[in-house]
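Structures given as structure tokens follow.
Two complexes are shown next, each including subunit A; its partner changes from subunit B in the first to subunit C in the second.
Our next item is the complex of A and B:
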């Protein structure tokens, strides 16, 4: 059996302090008392209150910040010969050793889903790679499901280890931490936490109970082929998208959405310089695919929804062999008009005969 | 289910980091098209720069951003990289403001290329519409440089008016060459115009190329591609013998950012060159 450690609730701040002393920025879920109470990941500091509830926003930023610098550019003149201009481009990734603490297995699987296009595609993304390598993921397994989450539909589960370095399970009296990857095991070995091996049978009981609490998942194995077949059924997509406001909340809350834009900020090529940025973008926006000529392959919101759902359940699976959805349910719980991606997938699966365009 | 993704030759290191280059020459092609010849600042990189006809590059003006254009000189041209740019948006406007000596960024080569090896021994019929002549120019020059490998080579180049015809300084030569059957057309009659008048698909139908052992290669705006493909199908060209390039909004150029996909394919890495047969197997979202 892999390395296990045990920590009591009272011992958690000391464990966070240990993680911090190892040179990590430690992101912990923190409650934000706003008009709509939310839980977001923030860097931990000594004495800071935190929670172990499921976060409103996943810690996707740990690997893919909302906005980051790709290249800083600047030009300079040779003082001896002012007509000689040279350019400096600086592309060093801003990566910082980071621990995401008490994220959930669905969000940890989100990292595994991002890893495929960003690390295993025809070009590896050096910015993502630097952050990913500097990241340690400590997940808290779920002891029960909620009405918007569906990790077990898409290959995950409340105790799925995929994407996690350490899996933490709440049992009576505390938490058992289980090393999943060598990185996680080394971290646990370096800690002063007491051994948790004798409590592991309790962990297995709790995990089993978590699975038992779930409503059985429908079989969505055929979704890739079925959605591809539904592609030209515009009426179907319009029916499913009628209420959509094109606000993009579904994508911004998603731990697996990874589209981005590249823009320049600041001055052009000058002695002061500027920077080229990468920022989150989203395929639900009407301008996302509009070309400079005005041509737009996704003119109506039904086509954009079709792209989002098809990417997650059909084309990403075609390329990478898994769904690009971890079933966290945030696109459902944060949708202002209560659109439910599960319903769209099920409707596509139930559609008898795809209609022609 | 898992599709093999093969890495293509690429400049080592960070795929988002442009190579710096200097504008060597600007050619005003038409009222809204300019051709830029740029030279990479790193002499070694310039000397070693290789690409295939049809491959694209991200040309950037720092402060304004990047856009994708085909490298439209033939690969045998080693002194500079050539981009022909129609002014359409912010980045292209910034490119149009450049003069010789100005610094730009280049990320290239990106994407796939024309499968010209598969065309050996066949007739090749090129169709270029408007700025779509840029990629056609690259591959046509490459084919003409290797003329003996191919059968009859034809070009149909159409623009809205004679004034919208880029590379006008070369068309006389193209018309004169006896190893190229060149036809020029414009949309509507124009005083002094001695060539064909009519939309490309109609002129193509009139020219009636023999589909037997012939590959049709077309580039142009999406609407022209749509109707030209229909015309080619009526002329009995097989889908695998119709080759086109797709225009898409692209950002990363390396198959990640997610806006140029058609189904599971990304135009920036799997394209921009596709046969009509390949496109028919993809979702209709062009």
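Our next item is the complex of A and C:
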């Protein structure tokens, strides 16, 4: 059996301090003061209050920051020959050793889903790679489902270990941490936490109960073919997206959305130089597909949502063999009009005969 | 003249080409001594100055911004400075809500021949900025971690509206439906505690219509996209003001829109309701009474009384009944008269300038720039051509800094000056709960004070104040430069 450790709730700050002393930036869920509860990941500091609840915003930042500098550049003019401009570049990936603490299994699976296009394709993205290698994921298994989440529809589950280095389970009196990867095992071995092996039977009970609490999942195996077949059924997509506002909340809060935009934020020939930024982009925005010519192949929100759903449930699975969705449900719970991606997938599956073009 | 106190600060001056730029030139030619802190940007007209130029300068480290144009009635383009005066005055009254001292921004008029006046203006303003010292940077303050609870007192009784005439409303819609392409209303979403916009096209769709405090969405947001179609819309009082504002701005046509109105008794703040419910797997049922709802989740009932769980905007609502309608149902609610500051704005009012800056630093930090606030706003009509996405000109960087996010919110608020009807959809749509409605409320208050109590979205014939001017403004006074 893999290595297990036990920690009481009171012992958590000391454990976080240990992680921090190992040279890690430790990201913990923190509840922000506002009229509306929102929980975001923030670097832990001694004495900082934190929560173990599911975060409003997943810790995608840890591997794919909302905005990151790819290249710093500085242009300079040769004083002897003013038409000659030379450029200095600094494009070294920066990665800080990071532990994401108490994320959920769905979000941990998010990292595994991002890994495929960023690392397993013909080219590995050096910036992503550096961050991913510097990352340790400690996820807290869910003891029950929630109204908007559906991890078990898409191949995950409340106790899924995929993407996690350490899996943490709440039992009576504390938390049992179970090493999943060698990285996680090493970290646990280095810690001073007490052994948790004798409590593992309790963990298994809790995990079983978590699965039992879920509403049974429909079979969506045929979604890739069905969605592909629905591609030209404009009416279907319009019906499904009539209330969509075409904002980007669903994509920006998604742990598996990985599209980005690149902009040069230049200062011309000034001393400051410039930066090439990579920042999140989203397929709900018109600019996402607007071509240099001015032509836009996705003119309406129905086509944009078609892209989003088809990417997650049809084209990504075709390329990588799994859904590009971890079922965290944030696209549903954060949507200003409660648009439900589950309903769209089910509607596509139920559609009898896709209309011919 | 030597630089004041030997320390130069950064002051940005936007000067109109035809008067003030010439005035500054005159001062220079006359060898009039001037402080050297000002960096002049020449613009064709003070009317060309979008308030966002000024905010961008202030958020990016300018210690002061001075705008100078032609004297009123002297504009090279006839009326540019009249429009500018209104805009700039609203901006001046807006800046403090961000935590920026409004004395750091000033506007005035200098003609091309007034070299001496220019010398005086620039000296007085520079002196003022030196007295204020370097501007605090938004990135500097420690975020405000504790926020006082908002006091929720209501101008009218709040309730669930269950005595309202939903059946009659459905009949009225069914009767009218054959003449319309569709009617916008609310239906049940993924569970009974989440209501969503529905588009009723067939009589059986009308049966899905629901009425109650879960009807949070402002459906007016969809109207401009149906331009040219015959569309019906069910409105609460606040939604009706958005419809009126869209009519005022000719974004929709009166003859195309059929308005069904029900008096509103308040909508629930779903963020706080969810907080009250905690983590749950399934909503079993929702039961209504006159004063509140009981939501049973995973077998556990929780009661939410409207008096405690309505959206902040509902407490001070003065238009629970539609301001414009074709079909009215139900009994209109009574509203107490009286001055009222919405809870979000009252919260900011109670803070010092420094605290406000620290507040926004802490709040905007978690903004993801998802633009749900923008897209849920019925008055945000640029949509696909928003200044925030524009790369040419490149107004906003793709950086995820607090500064950039607050800059966007400022643009959003300023573009809504005299147009925002306070429906609060921006704040409701924000997935991370940033109280951005307060910014719009401050704009609304400034517009009311400057333009004789003007309220947007009340009169479809009125012209929004920032789209017009008076040669002699009643409430905007020239400032003394002595």
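Everything that follows uses one rule, which is that the second predicted complex is superposed on the first by the 343 of 357 C-alpha atoms of A that agree within 3 Å, B and C clash if a C-alpha of one lies under 4 Å from a C-alpha of the other, contacts with A are read in each partner's own complex, and residues count from 1 in each chain.
FYI, contacts are C-beta pairs under 8 Å (C-beta built on N, C-alpha and C of every residue); 3 or more make two chains touch, one makes a residue touch a chain.
Just so it is clear, the structure is predicted and the values come from calculations on it, not from any experiment.
A.B. asks: Quick one: is A:346 in contact with subunit B, with subunit C, with both, or with neither? Answer first, second, both or neither.
C.D. replies: In the superposition, A:346 touches no partner, neither subunit B nor subunit C.
A.B. asks: Could you say whether A:332 touches subunit B, subunit C, both of them, or neither, answering first, second, both or neither?
C.D. replies: In the superposition, A:332 contacts subunit C only.
A.B. asks: Figure out whether A:258 sits in contact with subunit B (first) or subunit C (second), or with both, or with neither.
C.D. replies: Only subunit B is touched by A:258; subunit C is not.
A.B. asks: Thinking of the overlay built on chain A, is A:32 touched by subunit B (first), by subunit C (second), by both, or by neither?
C.D. replies: second
A.B. asks: After lining up the shared chain so the two structures overlap, which partner does A:119 touch, if you call subunit B first and subunit C second: first, second, both or neither?
C.D. replies: neither
A.B. asks: Counting only touches as set out at the top, which of subunit B and subunit C does A:17 meet: first, second, both, neither?
C.D. replies: neither
A.B. asks: For A:247, is the partner it touches subunit B (first), subunit C (second), both, or none of the two (neither)?
C.D. replies: A:247 sits against subunit C, while subunit B stays out of touch.
A.B. asks: State whether A:317 touches subunit B only (first), subunit C only (second), both chains, or neither.
C.D. replies: first
A.B. asks: Which residues would you name on subunit A as touching subunit B in one complex and subunit C in the other?
C.D. replies: Residues 261, 263 of subunit A touch both subunit B and subunit C.
A.B. asks: How about subunit A: which of its residues touch subunit B in the complex?
C.D. replies: For subunit A paired with subunit B, touching residues are 70-71, 73, 75, 85, 87, 89, 91, 117-118, 120-123, 125-127, 224, 228, 231-232, 258-264, 266-270, 274, 276, 278, 281, 283, 288-293, 295, 297-298, 303, 307, 310-311, 314-321, 357.
A.B. asks: For the complex, which residues does subunit C have touching subunit A?
C.D. replies: 144-147, 150, 189-191, 194-199, 217, 221-222, 269, 271-272, 274-275, 279-283, 297, 312, 344, 362-363, 366, 368-372, 374-376, 383-384, 389, 391, 394, 397-400, 425, 428-435
A.B. asks: Once bound in the complex, which stretches of subunit A touch subunit C?
C.D. replies: The touching residues are 32-38, 40, 53-54, 56-57, 65-67, 144-148, 213-215, 242-243, 245-249, 251-253, 261, 263, 265, 277, 279-280, 282, 285-287, 332, 334, 336-340, 342-343.
A.B. asks: Which of the residues in subunit B end up touching subunit A in this complex?
C.D. replies: For subunit B paired with subunit A, touching residues are 1-3, 5-8, 10, 13-18, 20, 41, 60-67, 88-89, 91-92, 103, 105, 221-222, 247-249, 251-252, 254-264, 269, 283-286.
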